[in-house]
Amino acid sequence: MKKIEGTTINGKTTIQELVENMENFGFQATQLSKAASLIKKMKKEKATVFLAFTSNMVSSGLREIIAELVKKKLVDVLITSVGSIEEDVMKTKKDFYLGDFNADDLELRKKGINRIGNIFVSSECYEALEDTLQGFFKAIYDKQKASGKMISPRELCFELGKKIKDERSILHWATKNKIPIFCPAITDGALGLNLYFFKQKFPDFGIDVSGDMKELADITLNADKTGAIILGGGTAKHHTIGVNILREGLDYAVYVSTGTEYDGSLSGARPKEAVSWSKVGKKADHVFVEGDATIIFPLIASAIL
Amino acid sequence: MKKIEGTTINGKTTIQELVENMENFGFQATQLSKAASLIKKMKKEKATVFLAFTSNMVSSGLREIIAELVKKKLVDVLITSVGSIEEDVMKTKKDFYLGDFNADDLELRKKGINRIGNIFVSSECYEALEDTLQGFFKAIYDKQKASGKMISPRELCFELGKKIKDERSILHWATKNKIPIFCPAITDGALGLNLYFFKQKFPDFGIDVSGDMKELADITLNADKTGAIILGGGTAKHHTIGVNILREGLDYAVYVSTGTEYDGSLSGARPKEAVSWSKVGKKADHVFVEGDATIIFPLIASAIL
Amino acid sequence: MKKIEGTTINGKTTIQELVENMENFGFQATQLSKAASLIKKMKKEKATVFLAFTSNMVSSGLREIIAELVKKKLVDVLITSVGSIEEDVMKTKKDFYLGDFNADDLELRKKGINRIGNIFVSSECYEALEDTLQGFFKAIYDKQKASGKMISPRELCFELGKKIKDERSILHWATKNKIPIFCPAITDGALGLNLYFFKQKFPDFGIDVSGDMKELADITLNADKTGAIILGGGTAKHHTIGVNILREGLDYAVYVSTGTEYDGSLSGARPKEAVSWSKVGKKADHVFVEGDATIIFPLIASAIL
Amino acid sequence: MKKIEGTTINGKTTIQELVENMENFGFQATQLSKAASLIKKMKKEKATVFLAFTSNMVSSGLREIIAELVKKKLVDVLITSVGSIEEDVMKTKKDFYLGDFNADDLELRKKGINRIGNIFVSSECYEALEDTLQGFFKAIYDKQKASGKMISPRELCFELGKKIKDERSILHWATKNKIPIFCPAITDGALGLNLYFFKQKFPDFGIDVSGDMKELADITLNADKTGAIILGGGTAKHHTIGVNILREGLDYAVYVSTGTEYDGSLSGARPKEAVSWSKVGKKADHVFVEGDATIIFPLIASAIL
């Protein structure tokens, strides 16, 4: 067994050195260090890597770190909620700002500022998004009319990515590198409201959410091994582990979450529970790191960057 | 200001008496009591009441309490994740059992038992679901071929409800009482996997997820007042508060959640944050109760049952 | 195995009925119901019952519920932090008021209001406490000079209880019913600061914290069986389970806590972990209920009230 | 206002670079970065720095990081629970080992292993502690008999530190550098049980817990400015902020905790709440970082190491 022991830190200590040493710290430092090792192992074993994340990751500075992973083709599949798509687009046009958890929300509202924790998002960002989406929907709609086939959420993300030139954008690199983005709840956000407005003129425009199941299943079934890095919960997490039932579970799973286990929520469920479901494999390597991903993900991502 | 004080409890104390007295206890007891009062107020003010819930609520005994609210038409709109639909159907055929949070998940897997916290769900439940869904999809598919129009998630839930006779079922009463169920992430579950299998034979079968935006928007815009009871987070929560932006926010909001605020997650965000977004109204009454809904919801629901 | 199922609730449902039914709800409702049953069992088996609680329980309306348990001799030993002692005394003189979690703390400070979550405590309460304590310390000091023996925290609580006539007071009933109060961190609060002021005049006044170990050990060792109801964490929890090592662990343990397990904290540790330490017995019945005690404790205490 | 943006990370990125960049990430990454800056500021402003920590920090690899801060005189006062004292001593004699959160606790008990989260502590460690303490108590007792004065917890820690030669020990450096250790709950642990055994032979041996109030108050009152770094909750946290009431609050406060605010617990209370109490100053700089200290503390401590 390994001894518990701390380490010497100074101004020159690199993240990698610290993360390696953390294995011997105990508690979540150990979990974090194991997560970093497991990500390295996934890559070494040439697993198909799913990166699942909730939209607050894109609200935060993790957006650029995720974009870099996509740019460098270090992940193979992205699964996320629609807020991620929206905010990645918005950030190509307007910046988000550092705010305060305890801000006066009525005051913010008067100023046209929307709060996400301690991040402030101006309503202008949403107006910019609207500008993009209305034209974009029209182009997609025209294609639908021509082909008779509704677009799927993945195809929608792919098309949207073509319009983005920002090198800090996840969508940009995903499209460029043909890394698919799955987004099972594509209407659950500003995109949905924009769709509602668009459909007032073009009521027969639609999105076939069933259209992505085959591609997602194929990727999963054709992979030699699969690994997942899952930041947060919700549909992004569930969709990722759910599809892996088809192959009797992920070979590698790293969860980073603040969710709690004792309410039976999917978001708080540990990899251990997923083993019973064949979402995570019988002999899979898996690690759960409890905490905020804005701190944990840069540390574990450094293992492969 | 109200004084903090406890109360005398004995074997005959009713839930209602306790919940009323809890207002003076402080901490979450106060929040719970306020939530119960706010739900009473929503009903008194004849608000259109949205009930949002994650699927673990349906895994638990809250299923029957939700079904009763739907049966008695005490709520007007349901918004949930697909697991709720699946499990409500499964429970009409097979029981779920009380298990253990610390069960050996490998052992469970061998026995064909899937774990949700301390609830055990046999794989037979999923087989029963498959039986239902494959035939059901075929019928829907035939209609699609006839009408040329894809079904929306809400319509799908409505049709599925017709097939259920169980008086303890949410779907049964929702269909019977014409209470719409919105489910923006309809493929994110066993239903999605079943869809994948079905589409191997019928690849042109689809679900138009954009099809529900108008109905949901209309309900929201036509309401005199809107109120929401939100159990848990994820798409159910987000969709509920998101559509209320169209009317500058909910008039009443009760959140019950274990989510944490400090990670910027939607699931953990308080009603206060939603005010900045116009998801909750400027002058809205709102309460956040932190804790597990299996304890809290029966207590607050008793206010209107 | 038990089936998961909800129950019918209406305006006349009693707490006891609900709590019994909750066993079949799953998640924390099940835990809560099991906790209530286990408390009933402790009493039936005539176990010596330790009630451990942090001071915020006394800040809240749980004070009166705890006092009632002490009045009715339903618990045998109290272990708590010094804030509980202080606030029980203050509440005999001044009321605490219901406030707001999001109050402006600078404003409160200007008004002489101290905030505990959503409970407001006027600085006048602390002045009233000071009045009581300075005279009380003098009397104790005189006894010390006479006997040559320093008082222990338990003795101090016992003497303080003699001065209190309030029938809603924990100290009052503890003294009256000779139920000992152990308080290992007796100086960690306003009492400590008052002691500091008092000792400026009487520097040789002291409190021998080692003085209670024998009595606590004797109670534990002489008990036929021991059970504990532990609300919250910290020294109250640790002292309770720690002394039970002497008899190879509690026979019954109910923990109610919001603490998290994954930081290795004592406050978040589950009864399972305590088994490894012989703090909880090998064959002990134990339940952990995750959540705020202001909601949970009234429900589980109703089982024996 | 600052823009939210991520950063490029690679194998050579230092902790300091990452921590600085984290300010712009949002959520807890921002809090962590601000905490590091605030600790730097405390030192620059020559504040008297209180380091408060719970005993699980010493169980973990943070022990060596804390010891280094004490060795380098970067902190001025230590406030902790008795488990820290015990485990620092034990670690001079025996190692702790990396275990597993999900270990079988009954099996561990049979093997004489005590579990703290994912850290395993052999019962031999406690036997080694007993050997040290029984002799140590005898020496202290002899002094008490000679002087007629009971020892205080701080003096006890100071004397104990003299016996330790381990350069990785907190006690060793604290004694060497005359950095006082306050431990208001000195009997709440194995030390208390050892005291119980010792007092069976020497019943008049005692520890005067009131003996440290003056020294702690003097340090606080004589400081030009005071700052606190508080890891975890309980008495360590409360004692630190409580004594600062004497000077109308800390000038700087960094809290790292997993505690939740909504149960009114001291352990979960934010610095904001402490402002109402004059525990944190009206104009104080303060930061709360939510998460496990084994990850967060090495990152923020690197700012001054």
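Which chain is which? They are A, B, C and D, in the order written, and residues in each are numbered from 1.
Convention: a contact is a pair of C-beta atoms (placed from the backbone, for glycine too) under 8 Å apart; a residue touches a chain by one contact, two chains touch by 3 or more.
Just so we're clear, the structure is a prediction, and the values are computed from it rather than from any experiment.
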Length of the shortest touching-chain route, chain B through to chain C
1
Determine, using the mean of C-alpha atoms as each chain's centre, which chain is farthest from chain D.
B
CA centroid of chain A to CA centroid of chain D, Å:
37
From the mean C-alpha coordinate of chain A to that of chain B, what's the distance rounded to whole Å?
24
Separation of chain B from chain D, taking each centre as the mean of its C-alpha atoms, in whole Å
44
Among the residues of chain D, pick out those that touch two or more other chains and give their numbers.
26-28, 31, 56, 59-60, 102, 116-119, 260, 262-264, 272, 290, 292, 294
For the complex, which residues does chain B have touching chain A?
54-56, 59-60, 81, 83, 101, 103, 105-106, 108-109, 113-119, 150, 184-190, 192-193, 195-196, 199-200, 203, 205-214, 217, 232-235, 238-239, 242-243, 245-246, 258-269, 272-273, 275-278, 282, 292-294
Listed in rising order, chain C residues that touch chain A in their complex are 26-28, 31, 102, 260, 262-264, 290
Within the complex, which stretch of chain B touches chain C?
1-16, 18, 21-32, 56, 59-65, 67-68, 95-99, 102, 116-120, 168, 272, 290-292, 294-296, 298-299, 301-302, 305
